[in-house]
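To start, the structure under review is shown below, and the notes come after it.
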Amino acid sequence: MSILLALLYGIPVTVGVTACSFLIGMVLAAFLALGVRSRHSALGALSRATIDVLRGIPPVVFLFIIFFGIGNQLLRMNPFTAAVIGLGLISAGHLAEIYRGGLSAVHKGQYEASSALGLTGADTMGRIIAPQAFRVALPGMTTYAISLIKDSSIVSTIGVAEIMFIANQSARSGADGLTPFLIAAAIYILLGTPLAWAARSVEAKLHVRISR
Amino acid sequence: MTEMLNMVGQWMPRLLDGLWLSLQVTGVSLVLGIAGGLALAVLALSRKRPVRILSTVVTEIGRGTPALVMLQFVYFGLPQTGIMLEGFAAAATALTLTTAAYTSEIIRAGLKSVPQGELEASSALGISRRDSLRFIIIPQGMRIAIPSLLGFSILMFQVSSLAFTIGLPELLSQAYSIGASNFRYLEVLTVAGLLYLAVTIPAGWFTRRVERKMSQHL
Amino acid sequence: MTTSNPLTPEQETATPAVELDGIRLRYGNHLALKDVSLELAAGEVMAMIGPSGSGKSSLLRCINLLERPESGILRVFGQSVPLEREIAAKELAQLRRKVGMVFQSFNLFPHLPVLRNITLPQERVLKRSRDEAEARARELLERVGLGDKADAYPGKLSGGQQQRVAIARALAMDPRVLLFDEPTSALDPELGIEVLAVMRDLAETGVTMMVVTHEIHFAADVADRIVVMADGQILEQGDPDQVLTDPQTERTQRFLRAVKDR
């Protein structure tokens, strides 16, 4: 029982890390996605490489580079900050790919129609293309958010006191080494469930709207 | 600069040992896990409802549980039930379970994409359900699943880095302990990151190539 | 293993190939077959026509139990197929060995070469040896004019060639009756002709066949009898000339006009 209570304290931390990282990722990903599509080939290549690096290094390695590498040697930061920066950057890489998929799903004719109407480049992107791309990207974004909740467990390794951290501590200190992990697993599964439901209903709604 | 290169040269043997172990634990987990995933996927097609439900529940629990929780559960939790596994076995067990859960979804989608008409043809020819699974559904379903399985394998290679939490001397573990001995965390962890990239990026190219090849053949 | 053609009719004139009596089939709450009764004699070639959705495919698929009727009597070469209880696996296997089927969409196994498409079922179901199965497969491929395509994958063949392979695959199982569900509907007319030629050849050698088709000419030339279905029932049946030139019901007249005007 006390184990359960202790673990419950980890929930807001897990949710906080996930939410902050996701928001940072959403913003940065927009730049990366636009970068990849830019006509400027150097900028395109740079954005592409950034995405590949962010997605190609294991998240925990990335976190260590930031917390132990940069944090120790260059710029002191607390675990929470390091965690959010690390997961935020990784999210940016993954979300950029999802955005890119959304953007390329928008029909070429939409750009042509916008130019024909004399819309500026910014208006075309902001008012015509992005809203349509967003709808396509939304299911992928939700799926990613669900996996980010689980991935956030790795921030326990740099000492952020979220669910996994507490589970690990109570397993090592208490007599019961098994139960904390079972409860932790259950909490993670439960945390993902409402998002999965939301995803399904959003998808259904969007589908209705688009097909109308 | 040359001093830096010298240092990296000194670290390299340990880091490469670590990388080799990372690849081994990933490989073992993938082979066993994909076999498990196939088994779960086939059970999910069973005509018996309880079997289907069981397969779904196992899959959902396996997918919903973070790999890190799975690792710690196997390494720190299971000994309480009398199952004592050392680092490699524990890591391989945990990653196998995670792989089985994830790949069962991938494989199930592959198996389901075999057209209904072929199943009808095989029934009409008198081929038993077992044989049609073995000769018609599984070979085609697995082939369709290959690109996704490759993508998942790259992910799993990255996830193997979490085995450092249970003391397996894989790549991250080696890098971290080198860092702890000389406080050059940034440099050594960056080199480790590059080693991971040296595997994941070419593997990503390869996956995309296979994907393109296969979509052409359809 | 018998090498004589089991499809030759002489020995079995007494028992009908297929007997359907009061077959009723439902999809959800839609009644697709309304107590259909029909008999196919051994050696007979029957063509079945009728508007889309009239239940032709459904009727055909009841015969090898791809669909399960909820009531009625079904007998195939004397074997009574139980409809009131779950059929035993052995009975089902026995039934399906007697009945071959050719589908509108061919349904070849795309991951297997043509030859393997034909040998696999022989080996697994009839327990023939690989050599025996291959010999039979090659003989049948020759017969359908595709002797040179044994090693090709189905995806590399034209639709007409695929359908002829599908016919060879069905024949390799030595069925006693062959069911065809619109075998040429998915084909360009030119390719359809190749398939119809093979079917005509089969009909001439005495194979018992039931063919759902929109090819009125084929029905007129080849079939011994035409059955017209509409709305889950048999409207009329009889000699092709008679049905096609002097249909008894107004519904049949309308359908035939629509088909001929195309």
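As written, the chains take the letters A, B and C, and residue 1 is the first residue of each chain.
Assume a contact is a pair of C-beta atoms (placed from the backbone, for glycine too) under 8 Å apart; a residue touches a chain by one contact, two chains touch by 3 or more.
What you see is a predicted model, and the numbers here were worked out from it, not measured in a lab.
What is the shortest path, in steps, from chain A to chain B when you may only step between chains that touch?
Step count on the best path from chain A to chain B: 1.
Determine, using the mean of C-alpha atoms as each chain's centre, which chain is farthest from chain C.
Between chain C and the rest, the longest centre separation is with A.
Going by CA means, which chain is nearest the middle of everything shown?
B
Per the centroid of Cα atoms for each chain, what is the distance between chain A and chain B, given in Å?
Comparing mean C-alpha positions, chain B is 21 Å from chain A.
Report the inter-chain centroid distance for chain A and chain C in whole angstrom, where each centroid is the mean of the CA atoms.
Averaging C-alpha atoms per chain gives centres 56 Å apart.
Using mean CA coordinates as chain centres, what's the gap between chain B and chain C in Å?
Chain centres of chain B and chain C, defined by C-alpha means, are spaced 47 Å apart.
Please name which positions on chain B make contact with chain A in the complex.
Spelled out, the residues of chain B in touch with chain A are 60-61, 64-70, 72-73, 76-81, 158-162, 164-165, 172, 175-176, 179, 183-187, 189-190, 192-193, 196-197, 200-201, 204.
Hey, which residues of chain C end up touching chain B in the complex?
Touching chain B: residues 64, 66, 89, 93, 96-97, 99-101, 103, 105, 107-111, 120-121, 124-125, 155, 166, 169-170, 173 of chain C.
Mind listing the chain B positions that touch chain C in their complex?
It comes out as residues 115, 117-118, 120-128, 131, 135-136, 139-140, 143, 217.
Would you pull the chain A residues touching chain B in the complex into a rising list?
52-53, 55-62, 64-65, 68-70, 72-74, 150-151, 153-154, 156-157, 164, 167-168, 171-172, 176-178, 180-182, 184-185, 188-189, 192
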